[in-house]
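Read through the structure below, which is laid out as structure tokens, and then see the notes.
Per-chain numbering from 1; labels A, B, C and D assigned in written order.
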Amino acid sequence: MKNGIKIVTIGGGSSYTPELMEGLIKRYPELPIREIWLVDIPEGEEKLNIVGALAKRMWSATPYDVRIYLTLDRREALKDADFVTTQFRVGLLDARIIDERIPLSHGMLGQETNGAGGIFKAFRTIPVMKAIIDDMRELCPEAWLINFANPSGMVTEAVIKHFGWKKCIGLCNVPEIAMMREPAVIAQERKDMHYRFAGLNHFHWHKVFDSNGMDITRELIAHINDKDGGTPANIYQAEFPLELLYSTNLLPCGYHRYYYMKKEMLQHSLAEFAKGETRAEQMKNVEKTLFELYKDENLASKPAELEKRGGAYYSDAACTCIHAIHNDKKIHMVVSTVNKGALPCLAPDSIVEVSSILSATGAEPLAWGEMRAHEKGWLQLMKAMEECIIEAAITGDYGMALEAFTMNPLVDNGAEAKAVLDELFVAHENHLPQFAAKIRELKKQGVVPKDPVAAELIAQRNGGKI
Amino acid sequence: MKNGIKIVTIGGGSSYTPELMEGLIKRYPELPIREIWLVDIPEGEEKLNIVGALAKRMWSATPYDVRIYLTLDRREALKDADFVTTQFRVGLLDARIIDERIPLSHGMLGQETNGAGGIFKAFRTIPVMKAIIDDMRELCPEAWLINFANPSGMVTEAVIKHFGWKKCIGLCNVPEIAMMREPAVIAQERKDMHYRFAGLNHFHWHKVFDSNGMDITRELIAHINDKDGGTPANIYQAEFPLELLYSTNLLPCGYHRYYYMKKEMLQHSLAEFAKGETRAEQMKNVEKTLFELYKDENLASKPAELEKRGGAYYSDAACTCIHAIHNDKKIHMVVSTVNKGALPCLAPDSIVEVSSILSATGAEPLAWGEMRAHEKGWLQLMKAMEECIIEAAITGDYGMALEAFTMNPLVDNGAEAKAVLDELFVAHENHLPQFAAKIRELKKQGVVPKDPVAAELIAQRNGGKI
Amino acid sequence: MKNGIKIVTIGGGSSYTPELMEGLIKRYPELPIREIWLVDIPEGEEKLNIVGALAKRMWSATPYDVRIYLTLDRREALKDADFVTTQFRVGLLDARIIDERIPLSHGMLGQETNGAGGIFKAFRTIPVMKAIIDDMRELCPEAWLINFANPSGMVTEAVIKHFGWKKCIGLCNVPEIAMMREPAVIAQERKDMHYRFAGLNHFHWHKVFDSNGMDITRELIAHINDKDGGTPANIYQAEFPLELLYSTNLLPCGYHRYYYMKKEMLQHSLAEFAKGETRAEQMKNVEKTLFELYKDENLASKPAELEKRGGAYYSDAACTCIHAIHNDKKIHMVVSTVNKGALPCLAPDSIVEVSSILSATGAEPLAWGEMRAHEKGWLQLMKAMEECIIEAAITGDYGMALEAFTMNPLVDNGAEAKAVLDELFVAHENHLPQFAAKIRELKKQGVVPKDPVAAELIAQRNGGKI
Amino acid sequence: MKNGIKIVTIGGGSSYTPELMEGLIKRYPELPIREIWLVDIPEGEEKLNIVGALAKRMWSATPYDVRIYLTLDRREALKDADFVTTQFRVGLLDARIIDERIPLSHGMLGQETNGAGGIFKAFRTIPVMKAIIDDMRELCPEAWLINFANPSGMVTEAVIKHFGWKKCIGLCNVPEIAMMREPAVIAQERKDMHYRFAGLNHFHWHKVFDSNGMDITRELIAHINDKDGGTPANIYQAEFPLELLYSTNLLPCGYHRYYYMKKEMLQHSLAEFAKGETRAEQMKNVEKTLFELYKDENLASKPAELEKRGGAYYSDAACTCIHAIHNDKKIHMVVSTVNKGALPCLAPDSIVEVSSILSATGAEPLAWGEMRAHEKGWLQLMKAMEECIIEAAITGDYGMALEAFTMNPLVDNGAEAKAVLDELFVAHENHLPQFAAKIRELKKQGVVPKDPVAAELIAQRNGGKI
């Protein structure tokens, strides 16, 4: 870190990169950045060039002397890095379309993080993360890894618990969005509120206190079905059953809609699917529009349109995090980190998403204490499922994948669930080397994705052959 | 116990009573019974008289001098009892029909033990069990309670953990049926096999070893979808996915079909529902037939037809249990008892259903050790749900009932699940005094069970008024 | 809290009260105090009047309008209190002399917090605290209790876990003293260091990081045997074995000397004992001197001599704590609070002394994670002993007291330990109503404290009779 | 196991071998033994020949055709073994003399199992056991290991948890002796009593029930200080404090005397030490006498004198265990085995000594449930100490050894404890290769065992040089 900080962003061609640049620029007075490396893969080169040019224009518009490098050579980029951020999506948005459409074609939720789709996202992402960690161990053994590649919690668990990289923090924008929006709902300011979160990534609850220490969670529950109540843009706002929430006296996260109102969420997803407008397909269009904007050589700032994506504020959270570590800020953030007992109902070495103090030593979780039975049961099921997913992702064990599928509350159990699983394996063949033998076997058995959109994406990828 | 054992059977008018009598007669040489009291409620008096007369004929046909008492006075019966068995069904089979049909009328599984129906069976049964324990504390403070009122695990947890009656053992026929039938499947004899069970009532797994200590679980998994492979008569035999079972290397119980093949089980139930042949409705007919048989004054033994019911062997298990306690037999049985660490993933004071040694001191569980992630996640979810159900049953907290419903894997989450919950509350009004205030409120809101069969049963009960 | 804060100090006649006044005066600009009530018992009235007069002079010397009340009527004082601090010592310093001398007269450590003496201090203090909580429940149900009556951890556990008063924080000066003194030892400033403490009151460890997040614990271990290395004044500085500390890579607290170098500490105590200069006897003299100083009507500030006592900075910690709660400061403090999983090797509802964030909601512990085997074993033993002590203190169960004694690492096990126990019971008869029956029995058996100094104190107390 | 069982006994030259032979002869009708290999090291050859000849004479006196092999070649012996028993003592009785005398020369308990001596016995034994397991993995991968090399619990933990050999059972004679002798004390027969043990090797408690299921523990406590009450011959019978035992309502094991009456036990040991009659020195004489007896060519049975040793019934327990496994006996035995949750206060993968069911699948522990605070605290301390000892034994980490020493309740903490530790390291140099570097350093610092008897034994061993 002599002469300033070196930041490396893997998946640098992402449409979210301008938000990351904006965040770093804003914090530059306290963050002496020397260079930023945007890394991508050959398939992402075009996007990398477009967004990289915008990034350069953004920094040129500032008085700061920061060099921006665009590269397809990850190892060159990682050399002596101080902070590495990971925001890549293996298989790009097409993989997400497949993740969502194949389950929906069988009448089941795809859901790209915790649903069937999320399981496959983990299967594709974790091996790549393993390769990144192997490189980091060699090239930048002191670097912090700030992960926001999804499913962020499981990827972070793989990194810390399985690959042994302790200096890793997993981010998510969901808690941040709740803390940004909720105060206004009850005509308060954020500075006067205490937020305490606990749970897993995309599966956490929070409670809120005012500056006199009074629990005002119930007051916020009353407004949870209001518009703009703190749900990320990507989640359909089915109405929460208030009696359930009052009974728990906890604010669920937006993703809990999939678990508390599975039926409504499924119906909404099926309706989008029927119109060819799954969330992934919508995003592909949004992304196209964004990149058109980014090409504008006069643009030297993050366009407002970016905030409409579900992933807004992820990058800003990454900047907050880098800032807190570098300057030993001792601030409250909600991150995925090692449990250490903060949630006694889960193992101390599990990764959880909890209120933490962020400082030079990284994230230290605030102990939450025993969960009530309802939340405990859910959490323990979800964590066990995550463990099966991660083990399957690392070992390529099909049986373990089937176990994870069976446990997933968003997947209907039975023969059709197995059919969905098998189609997804075949569909993502080129990104799942660890499962290669099983996929060959499935193909021999004649497994073929039935959804025509997915089928066509696969055919395109395979140069016309399916 | 001077001059012989006094046994009291609450729900003595049950069609299962002849099996219980047969079991006691068979064991009489080692079980010096003095008297047997069959207790029932006024609504059950007719059945009590029929089955009681049969019981008397059965004992008259033996050389043994045992007195049989039929009574509606529970307190008189309990005085100085040595063993109390509980096999009652609050609301009789009509309540079960309601439990099954209302959820199915909304396209959801009713399932009379762990499904929506099972939740209401717990709500109805636990308060009655509380009253029985209050009586026992006063009238027979040293008696053993052998419970097989369902949901047996939850009722046993309420009795031991909440009502503080330690001398209680919860029974179920599912493990017994597996151990009876599986050996033949692989051409073995039961005496040469080691069975080890662990889990919760209607949610346990087992593994099997041969007499050389070799694990032969996989061999049995291969035959699990065979006919007569050990599933109780009341469960539709949807095919288990073998790859899942091989991965876990555990034999699931028959009820796992509802969790591993929910979709198939639901479709089967919906088909039965459409024909007016839900399991409960079938059973009402079977019971009618049985009681016709029982009336035959020449009948002095258990008729073979009884074995067709799902609950066969429950009563025999009760006899084995009484025998083991009275004679300090130190035998292996699978019962619901206090965990004590046998399943480290659940609290030591939870009730679990595990392989135990039965002797004069009651049941001592064999420690199973850590469960794999998949089974652990399921168990922890199910136990947390059971805790919510039991708490709701005791306190009458509607919010807690809603939490339990939301967690139940057999209930679709969302507004329609709440509708099912509310209809069930209204439908079972007369058996749920603890929820009286909430039920009044629901009725004011216009909640009415929509299923016509259920509606008619309620109307009959209410003398024509719904 | 309308019109300002009401603070009540029970044990207001303590020699530490001037430090408390100084702390409150210093923070007055952010702490709008309306009135301070100093409460004591009739035996303490003289001291209360002396120190109360000094307190009044101290406030008179400020521009602040705060009323000081001196009273023997605890209930009048507690009415509508906002903060209650407890710093009383049941039986005054004479009781401590007995606590220390009786064990030493048998060649064993007395040690007024965790040793045999500490056990009796808990027995005397916990019932009084129970009475205070009963009053508070009635008179000031919203008040915060800031406890620094020793043994602070056990008293806090009794208050929170057994008496159900959740708004309680237990304080100790040991962590504060370490954080004050250690930075200078390695030529650093406190603001550039991260302190993380975990363990139990008078039995905790800490680790230290610099502002780059590097662990510098080992650097501090190297200096632990330096003079002024952070040990409170009341603890003899036997040399820590550095190889042990390097192996643990943790900084022990000063009290660990009793456990890591028991032999040296015992020899030192025996030498003091032989000279009639046990710590308690020394303190009695120091206190006498302090009260002489306090009588000086020209004195209107805390005299420097007070800092020589082992308990210095306790009161200042109390002020920091009140300040943090009232103004929602979100600062790091080391306090006794509910574990909540912060130390996974202890029960979530145990009281532990750990790094916490102090704010309007009270103390929230930072999760520490798994302890190494060595520290875990010690902590679990000590917490189990504390549980036995607290249970004995509440129930008056002699067997439980004997169990606690047997477990205490500072007490030699065997017949002589029981002799010490029995003498202490008899010696403290008038402060141990819960053990009255057993003490009568012991007296009948002829148990008499053999130490002449103790015997004389008892005789004085009993008006000449022993 | 074709054509009969092959049993290998490592440490076959032990004076206990005749008991083992007697036990196997007695059980031969159900145990078709083909051959028994007695293995020893060159230093033990003479004893091996003497005891081996006796063993041969014992079998010759039976009608059974079993071959006895005497060998110094462990690998030849292990080839295709079915059962391996380990009863060796690294360094023979001279090492035990050193273990006991060096601590006593500093006024501390040596105690050859859990005291300072036991720690060094673990340090010497565990590496040898590692080598045996390495051989077994190659030469008899299906064999059962029946360990009674002390400290049996720690050695078993090393074998199962660290070396990964699951088919291992650790034995001890202490529970067996209690169950043999106690019934007579209350004029009962063993068959009418239920014994339940739980804890660690040489640190367990038990409770007893009669055949009506009534807890009769208190009745037995009343007799615990009687002669012949069930304490092994090697333990001085200091009187247990009955009030403590009544409070716990558990029967302690004989070794608890060291923890509950440390002072008395120390005084007794110091008196023996002063006379040159430590237990080890006494045993050396007993052993000499036994071997003289064994030389008698007319002797063809186990001489009665052997039962006077503390280790009597160890070998018989091994025979019971082999018998139970081979014939799938499903009997109750108290053995060291994997916890699996039987003691929830310890980790599921720890080795504990508990009531278990022994059958073809090995030992399955009966779940005991939560321990009371007193026993829990002790157990957790002792297990943590064991973990430190085992880790030090495997890694040769001196700091970890120092941690274990500091935690050991039988060792006084402080500088003198470290002196004892260091002398023991130097004294056992030739059996502690894993600590070689540290021992060299200690010798350079001039550490020399001061006890003259120990010093001479070392000098003898080293050919005159110390």
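Couple of notes before you dig in:
Note that in this section a contact is a pair of C-beta atoms (placed from the backbone, for glycine too) under 8 Å apart; a residue touches a chain by one contact, two chains touch by 3 or more.
Not measured: the values here are computed from a predicted model.
Chains that touch both chain B and chain D: there are none.
Listed by label, the chains that touch chain A and also chain B number zero. In terms of the distance between Cα centroids, chain A is separated most widely from D. Measuring from the averaged C-alpha position of chain C to that of chain D gives a distance of 44 Å. Each chain gets a centre from the mean of its Cα atoms; for chain A and chain C, those two points are 47 Å apart.
As a whole-number value, the distance joining the C-alpha centres of chain B and chain C reads 55 Å. Shown for chain D are the residues in touch with two or more other chains, of which there are none. Under the stated contact rule, the graph of chain-to-chain touches is a ring, a single cycle where every chain has exactly two partners. Applying the touch definition to every pair of chains gives A-B, A-C, B-D, C-D. For chain C in complex with chain A, the residues that touch the partner chain are 194, 196, 209-213, 325, 328, 330, 332, 338-344, 348-349, 357, 359-362, 364-370. Across the complex, chain A meets chain B through its residues 238-239, 241, 243-244, 246-248, 259-265, 373-374, 376-378, 380-385, 387-388, 391, 397-400, 402-404, 406-407, 409, 412-418.
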